Amino acid sequence: MLHELFTPSVQHALDLVGIFVFAISGALLAVRKNFDVFGIAVLAEVTALGGGLFRDLIIGAVPPAAFTDLGYFLMPLVATVLVFFLHPQVERTQTAVNVFDAAGLGLFCVAGTVKAYEYGLGLTSSAALGLATAVGGGVLRDVLANEVPSLLRWDRDLYAVPAIVGATMVVLCIRFEVLNDVTSGLAALTAFVLRLLAMRFHWRAPRAWNRRSSATEETEKATAW
Amino acid sequence: MLHELFTPSVQHALDLVGIFVFAISGALLAVRKNFDVFGIAVLAEVTALGGGLFRDLIIGAVPPAAFTDLGYFLMPLVATVLVFFLHPQVERTQTAVNVFDAAGLGLFCVAGTVKAYEYGLGLTSSAALGLATAVGGGVLRDVLANEVPSLLRWDRDLYAVPAIVGATMVVLCIRFEVLNDVTSGLAALTAFVLRLLAMRFHWRAPRAWNRRSSATEETEKATAW
Amino acid sequence: MLHELFTPSVQHALDLVGIFVFAISGALLAVRKNFDVFGIAVLAEVTALGGGLFRDLIIGAVPPAAFTDLGYFLMPLVATVLVFFLHPQVERTQTAVNVFDAAGLGLFCVAGTVKAYEYGLGLTSSAALGLATAVGGGVLRDVLANEVPSLLRWDRDLYAVPAIVGATMVVLCIRFEVLNDVTSGLAALTAFVLRLLAMRFHWRAPRAWNRRSSATEETEKATAW
């Protein structure tokens, strides 16, 4: 089967880096939520592998890479040990963590788009799945931690847009047959830099037009159906 | 493969209508939760496509229709734009939205049951999957919005029962070999009307026998394990 | 296909017992959360079948056993009826429920590991999937009930460790080619007894090293990103 053979070393290395940095972000949230060491490990695994797992289930690449590649599975455990013993130091380097998370975002949106396309999805679907690969783990992380997903909140700096731009660059490269290591690296870099800029300048996406700005989430709850 | 060929125009049109109305309900909740425009789009997509995605993963129809049919993917984006700019007007037509959501419920429980059966599931399983198709998107919507799923709450009008009735009618029609456009339309209509009646007369399902009626969700939390 | 044929009677019987006891735990939480009878049934089904469903999607065993075996689907409905009418009595037997849940944990971690291995996964992945089979339903239960998963919380007695031990025993038996009804039963029993001991002596897993012990979940929320 195709997915047994499909492990070009470049994408594999990129995946491992992305998995590690996402695992760190999951493990840190677990520490903040006061989870025990197994909770930390679970949240690290889910954050790191959730997006790719979703992608692989959608494209029919079963068993997913997360369960066939031991490195994918072990990387989050390394992140767990690191955060478990050194979390105050890791916390203090929050900026570094954010930078790594931005790198993971860039790498995953490119790798996810490429893999989806190689499994026969259309260009738009491949880009959508690239986005899902990049942000899916973080959404699962927040759902398991019983928080509103950071991705959806208006008071967080742009996160989806950089991934959308990166994934779109990849499908344009595919469309015009110029996808290679350089152009896909450029797409990942663009997403990475855009995310850094979004954090630096607190770029935010607009909320619904005509939104009563005085409305807060609390008053919303009273009227929610 | 079967699922590549399986796109009868009737079910496709019904699916698009159901997707649109469910997307509206997801987008409206996102506005109420104060999400930004990307959060609105994500919640619209998840609400509209989540149930069918779950069904397709279960029956092995990968990649799921949500990722192979561009219309399925674009419909929720149209709903997002509509709600983004016109949400006060859409809110004011809450009754209309509820009616459309009831229509989506009827359409999805029938379409989901039929597709599950065509992929070889048994009658009971097909009905269960029809129900999951109809209500799955709404459950995912509420989970992502960090709310207790509306489907599960006792203080909401009947939602599952109309879908169960519709799905059961479909499997009975299959069993007695009278399933056609008319009978499946009748099943969808029955679910639709039952849901409208449930909203009109506030039909509710019973809670557990001997339940201390004074107990509220708040006091529950203290004793929950 | 393999998964059509794969139903040895021993694993089937074990599965049914495990499904029933997990369904009871889901139904009881639903009653505590004040859900209506359909909410109770949904939470019973999800708790009982969620872990196995996840495993089957991962290993490509579609449609999953939960949708091909009518007994798997009906068992949680029996549990729902039982809890619906007799929940005060069931609550009063909380100890019995906990013991049964421990039995389910032992049975599922073994059955999940074996099935994953039979579908071609590696030893480590099989053990991980055995763990996921055992705890997945409970995590889904808590997510749907809008609670922090019991599995992740540091203030709960060890739950993952017994399942990890049981799954590890199974893969060691596979590795040394001594897996049979006796050794797999022994692995399930070990996980079962370990879980009982963890509850009896309130064994807990450590939180992150250097964790300010005064920090509570509430103050965490303020600083969470």
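A few comments on the model shown:
As written, the chain order gives the labels A, B and C, with residue 1 at the start of each chain.
As a working rule, a residue touches a chain if its C-beta (ideal position, glycine included) is under 8 Å from a C-beta of that chain, and two chains touch if they have at least 3 such contacts.
Note that this is a predicted model, so its numbers are computed, not measured.
A complete topology is adopted by the chain contact network, contact being made between every pair of chains. Rounded to a multiple of 5, the C-alpha superposition of chain A onto chain C involves a rotation of 120 degrees.
As for how the two copies chain A and chain B face one another, under half of their interface residue numbers coincide. Mean C-alpha positions place chain A and chain B at a centre distance of 28 Å. Taken residue by residue, chain C touches two or more other chains at 57, 143, 146-147, whereas all remaining positions touch fewer. On the chain C side of its complex with chain A, the touching residues are 57-60, 119-122, 124-125, 128-129, 139, 143, 146-149, 151-154, 160-161, 204-211, 215-217, 220, 223-225. Across the interface of their complex, chain B is touched by residues 29-40, 42-43, 53, 57, 62-64, 67-68, 70, 73, 83-88, 143-147, 150, 156 of chain C.
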